[in-house]
Amino acid sequence: MVANRYTSMAYESADEMSFGKTKHPVKAGLGLEIGAGYTIPEVNYAPRPEAGASKEKLVNEYERITTDIMQRMVQVGFPAVILETEHVQQMSNNPEWGAEVAHAQKTIMEEYHDEYGIKCALRHTIGDIRENRDFLQLRGDKYSVFMEAFEKCAENGADLLSVESMGGKEVFDYAILRNDIAGMLYGIGCLGTLDMDMIWSDIAAVAKKTGTIAAGDTDCAQANTAMFIAGGLLDKNLAHTLAIIARAISAPRSLAAYENGALGPGKDCGYENVIIKAITGMPMTQEGKTSTCAHSDVMGNLIMQCCDVWSNESVEYHGEFGGTSVQCRGESLAYDCALMNTALETGNEKVLRDMFMLSDRYRDPQGYVLAYDNAYKVGEAIVKDGDNIYLRAKNAAIECCNIVEEGVAGKLSISRFEAGALKDAKAALDALPDDMDQFMDDCLTKYQSEVKVFLPENYGF
Amino acid sequence: MVANRYTSMAYESADEMSFGKTKHPVKAGLGLEIGAGYTIPEVNYAPRPEAGASKEKLVNEYERITTDIMQRMVQVGFPAVILETEHVQQMSNNPEWGAEVAHAQKTIMEEYHDEYGIKCALRHTIGDIRENRDFLQLRGDKYSVFMEAFEKCAENGADLLSVESMGGKEVFDYAILRNDIAGMLYGIGCLGTLDMDMIWSDIAAVAKKTGTIAAGDTDCAQANTAMFIAGGLLDKNLAHTLAIIARAISAPRSLAAYENGALGPGKDCGYENVIIKAITGMPMTQEGKTSTCAHSDVMGNLIMQCCDVWSNESVEYHGEFGGTSVQCRGESLAYDCALMNTALETGNEKVLRDMFMLSDRYRDPQGYVLAYDNAYKVGEAIVKDGDNIYLRAKNAAIECCNIVEEGVAGKLSISRFEAGALKDAKAALDALPDDMDQFMDDCLTKYQSEVKVFLPENYGF
Amino acid sequence: MLDFTEESLKKVLTRYNVALEKEMTPEEAAEELYPKDELIYPIAKAIFEGEEDDVVEGLQAAIDAGKEAITLIDDALMVGMAVVTKLYDDGVIFLPNVMMSADAMLDGIEFCKENSDTAPETKGTVVCHVAEGDVHDIGKNIVTALLRANGFDVVDLGRDCPVDEVVAAVEENKPIMVTGTALMTTTMYAFKEVNDKLVEKGLNVPFACGGGAVNQDFVAQYELGVYGEEAADAPKIADAIIAGSNIAALREAFHKH
Amino acid sequence: MLDFTEESLKKVLTRYNVALEKEMTPEEAAEELYPKDELIYPIAKAIFEGEEDDVVEGLQAAIDAGKEAITLIDDALMVGMAVVTKLYDDGVIFLPNVMMSADAMLDGIEFCKENSDTAPETKGTVVCHVAEGDVHDIGKNIVTALLRANGFDVVDLGRDCPVDEVVAAVEENKPIMVTGTALMTTTMYAFKEVNDKLVEKGLNVPFACGGGAVNQDFVAQYELGVYGEEAADAPKIADAIIAGSNIAALREAFHKH
């Protein structure tokens, strides 16, 4: 299948965007319609380490988790919920494990739906198991197991299919610790997109066959890695201005899922999803201030601005004074959604959206660029050359630099160090060729010699 | 000292109230002004059980906790924070333990204040240790240790002094499991207030002497117990209509702290604080959707409506994927505050307040009565007979019933069971005498015979 | 002030309790369950309504009519209480009703005993306590009330109860079951000590544990432990013990997670 | 669209990084630290700037001027790298600068070796790995780069490294220290196994462990374990080992919690 590249925006203007509303709502699971005027909590969890000992223990752990969440939702009166199971390795490497977990969870969800009428859906996020100890093996032996994992889960109860895929990561990991913008662009924008095209046309086919939804991917392996290394305001491992360039480049990469048949909701940790929503008009999950259990970020409110589903990313299953961790986080998420839904029902969604956005707009250059108005501009830069995966990624990076520069001329203050990194990045971007083939050839030569784990055959070269 | 009873409201109208703003801001700690136009996160924590083994271990645990919180606050760019240390028993029973913890914490906070300019304050909440295994001993031997604990902590770094005192609990515990409204009124409204008057004039004297702030008390031991027993929507241990009557009665009881020299911020778990703020105009801490780690409630957003400080109630110190539990919860709270502060700075606080309130207004009768407009009415009922501790508690209870009834005539739907409990409660209230002395005498006789652990000498009878 | 339309409201929250409420009123439901016997009926009804005076009045009438006082415990009081318990389990009535009915029942039992020479047979004795160091006793109070409501004798050791006192009470009272409640992560470890001392002394009685801080995995770590999630599980566990379940069987039935 | 005034903005958030930034630019700060010797200066500066070509050029010039190639490693390359490390520790420069300087330094060392007959003396060898089952290797990559930057030889066993391979590498390379990185709660237990096998074989080498999932309390549980919070601690621990610290002393110094 050939990817349907986006060359225009779904929204006329940035201001048209809001949380809870999309151009293309998605019907899924038991009674849910996602992005259709209300927001939905999506609870994420990790089994305790000891639960991985056997398939029975693991299934049992997920059953407890599922019951706990459903029970708390009805206890506090929340009308809808999504559960996301991010596979532990065993579940993807042995697709029947994943399938059994999906089945066990869905059975419980159906009981609650029948008894209480609560609307719900189950997302399974398959692990990207296409690697061995030393190398990525994107097209190797494991590809069929990988696809089988999607299919088995879909057949056994999963409603939404996702993955956090890793194409391009070998080059990116090398580049990000060396301020190497060309490498980031090559890793995420080019290699990443090529791999996305391959896997998402296949995942979409599985979804079609099984009557489920191909939901979306995130550039966790790259843009989030950059965000993590960048860390908090006082960390000194990576300039935050570089982290946001990586993020901008990740938008056209993750967009490829939707160009190959995914329908959303995009996966929680894709901070690039706001750009993708502007382009596609599809629903997106986001995570932020209520996913502190999983990671710290510098835009915890801002990222709620246009979410349709609201997630805690991940929490290890354990007891807290207020219940189990999944109940506690689930309840917090659901209250956040109740607030957004109240805004939607009373026509105040835009002022709430703006407050979410403004409270972090100047906290960090990353938040500044992802503010919905600026994110929309990055989207425009992408669709301008939507057919050229290299150019659109480069456009995104350049637009990102421009936005930060404009910000600095206004109320965004950045450290001298961040400013220096931005200047160098801009210069590096300006020095890049306009021609995709030339760029691809240059990079292939360079990274084949510099990055010993980079195998061109992973990308069909 | 004689209590200065409130006989009028601090605000002209309910609509004047908002989060982050008070009539009487409180200066405390290192650069903080509480209720002066911005909201502040207050992080609460419990040491791990094993940390209680020795004083050294405990001090060390609190040092870690303090550093973790301060570090996360500066990492994400938050300008202010309060830390609350709720004493474990050893710290109040051995006042020098509490003092050493306070000193260790404050030293770290001062370092951060000096280096980063972050505004901060330390609250110590002394345990109400006035009981032995079988009985409350409110005026017994332990009273001097109790007061010494306040003083030692204040001298060694605590800025804000609080307690969750227990006066009246023996009668209340008996009454609440028997739908006994007179007992609830007697336990909370009369016995509770008498004990509050005693301890808070003493705590205020300690605060004066040590140059610290007497902050406030909460009816945790009674109204929160009722709220917990009432539980979620599907629990069947107590009608939620009764739980809210207990809450209404707790407002004049907790008010007594402020009538004896406390200045706020009131303690987090006092859901009655919104009523007290309406009466006193003093700043209040609240907890709700971000304190799910400690308990579940049915008004997680609503309770933010008029908070000045925003708390997580309590979280056991442990690791999460995103840092330690105190860092994770602290960051979530601080983002919530950033949102409220954005609203305040852009003049949108009333619409945000209303959205918080509305999202839970009809979730449960408890939230309905605590919605700021209704809470204000309860406040009016209290101050009408502000000088009579019995009548004002009875007024609060009756007004609470009226409000729920009005609500039911509108959009508040309650179960037949809740409605029945309300009707019975209303009838019981109507049957009570108008005369305080008579009520006190009747109750003394009744509960002395029915509740074997009730000792009249605890209340100076 | 902002407000919702009825339509909007439904999108933001669901009052599942109201939505699910049973058609019948509690009184109607109880009416269907009362025994038809015209001497027993008023006693059962008075139990349900928690009116001690009416209970005693009904008992007197039955005795006057020739019923044996001591048999009325099982034939009237327990029958009335069974109605209460069933409706509580079904979610038709709430805990305070049960508590008040239990109070009325205990008064009734007292009255029957006073009017009889033979001692009543109970289903068995249960020793209840709150863990050492812990004053949270509401959960325990509910447990004892429900046990009594179901015909068990309860030895209530109260809160903050030293380990040795529990062991001594077991030696003395030979209960069919011990219960423990703990709400603090710091206090629940006392259960393990109780268990060890009981085992040491060969007192292998099932030890049902519950309360906010306690969870199934913890309780399953010691030999005698049986975890109970809700207070209503306590009489069910006790009934199962009488019916012959051993600890393994109890865990099988009550460890739901 | 809503916006803040400058005044409002300050009340909602504080950019502590901007507020605290040092007065001096990194270049100015580095300038103050470079050695004055006119042959060494350009090499140190080229290291700081991460320009391998300039490093090699500077080394060539120094050799041409009569300096001994192998001594230039300590006298020029390490001196330049010390500037980089100091400024990184002081928060003046960021990690990528260190990485690029380290790359340049390694090229320089290579060049010196090629131009000399004697082998250079290093401070010691360190064996680094990511725990079995774990592919998160960025932290480990930073650790190895900083160790190299500080003059240590690194044997990098990569990620997802089987326990036995670590033990074999220790037997073979006789390192002064082993490092382990784990980011998953499921994989960190491998450290304990590594420890046990090392102890069994009498290989009592300090085992520095770090990474997102790992915490001090866990590491303190096995004999050889020393917890490191930040990658920058790794060379500091290694230096302390050379200076004679045993494991107890290392824990004393690096276990901050």
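For clarity, chains are labelled A, B, C and D in written order, and residue numbers in each chain start from 1.
Simple rule for what comes next: a contact is a pair of C-beta atoms (placed from the backbone, for glycine too) under 8 Å apart; a residue touches a chain by one contact, two chains touch by 3 or more.
Predicted model, so just to flag it, every value in this text is computed and none were measured.
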If you average the CA coordinates per chain, which chain's centre is most distant from that of subunit A? C
Centroid of subunit A to centroid of subunit D, CA atoms only: how many Å? 32
Taking each chain's centre as its mean C-alpha position, how far apart are subunit C and subunit D in Å? 64
Cα-centroid distance, subunit B relative to subunit D, in whole angstrom: 50
Got the subunit B residues that touch at least 2 other chains? 46, 74, 77, 233-234, 316, 321, 338, 341-342, 346, 348, 351, 355, 358-360, 363-364
Junction residues of subunit C - those touching two or more other chains: 2-4, 9, 12-13, 15-16, 20
Have a look at which chains touch which and call the overall pattern line, ring, star, complete or other. other
Touching pairs of chains in this structure are A-B, A-C, A-D, B-C, B-D
Which of the residues in subunit A end up touching subunit C in this complex? 37-38, 64, 74, 77-79, 115-118, 319, 321, 338, 341-342, 345-346, 348
Residues of subunit B that touch subunit C when the two form their complex: 15, 46, 49, 52, 88-89, 131, 133-134, 173, 177-179, 225, 229, 233-234, 236-239, 242, 316, 351, 354-355, 357-364, 373, 411, 413-417, 421
Subunit D contacts subunit A in the complex at 1-4, 6, 9, 12-13, 15-18, 20-21, 25-26, 88, 91, 93-96, 99-100, 103, 133, 135, 137-138, 141-142, 145, 158-161, 185-186, 189
Taking the touch rule as given, give the residues of subunit B at its contact with subunit A in the complex, in rising order. 46, 72, 74-77, 231-235, 288-298, 300-301, 314-316, 318, 320-323, 327-329, 331-332, 335-336, 338-339, 341-343, 346, 348, 351-352, 355-356, 358-360, 363-364
Note: in the complex, subunit D contacts subunit B through residues 2-5, 8-16, 19-20, 212-213, 215, 257
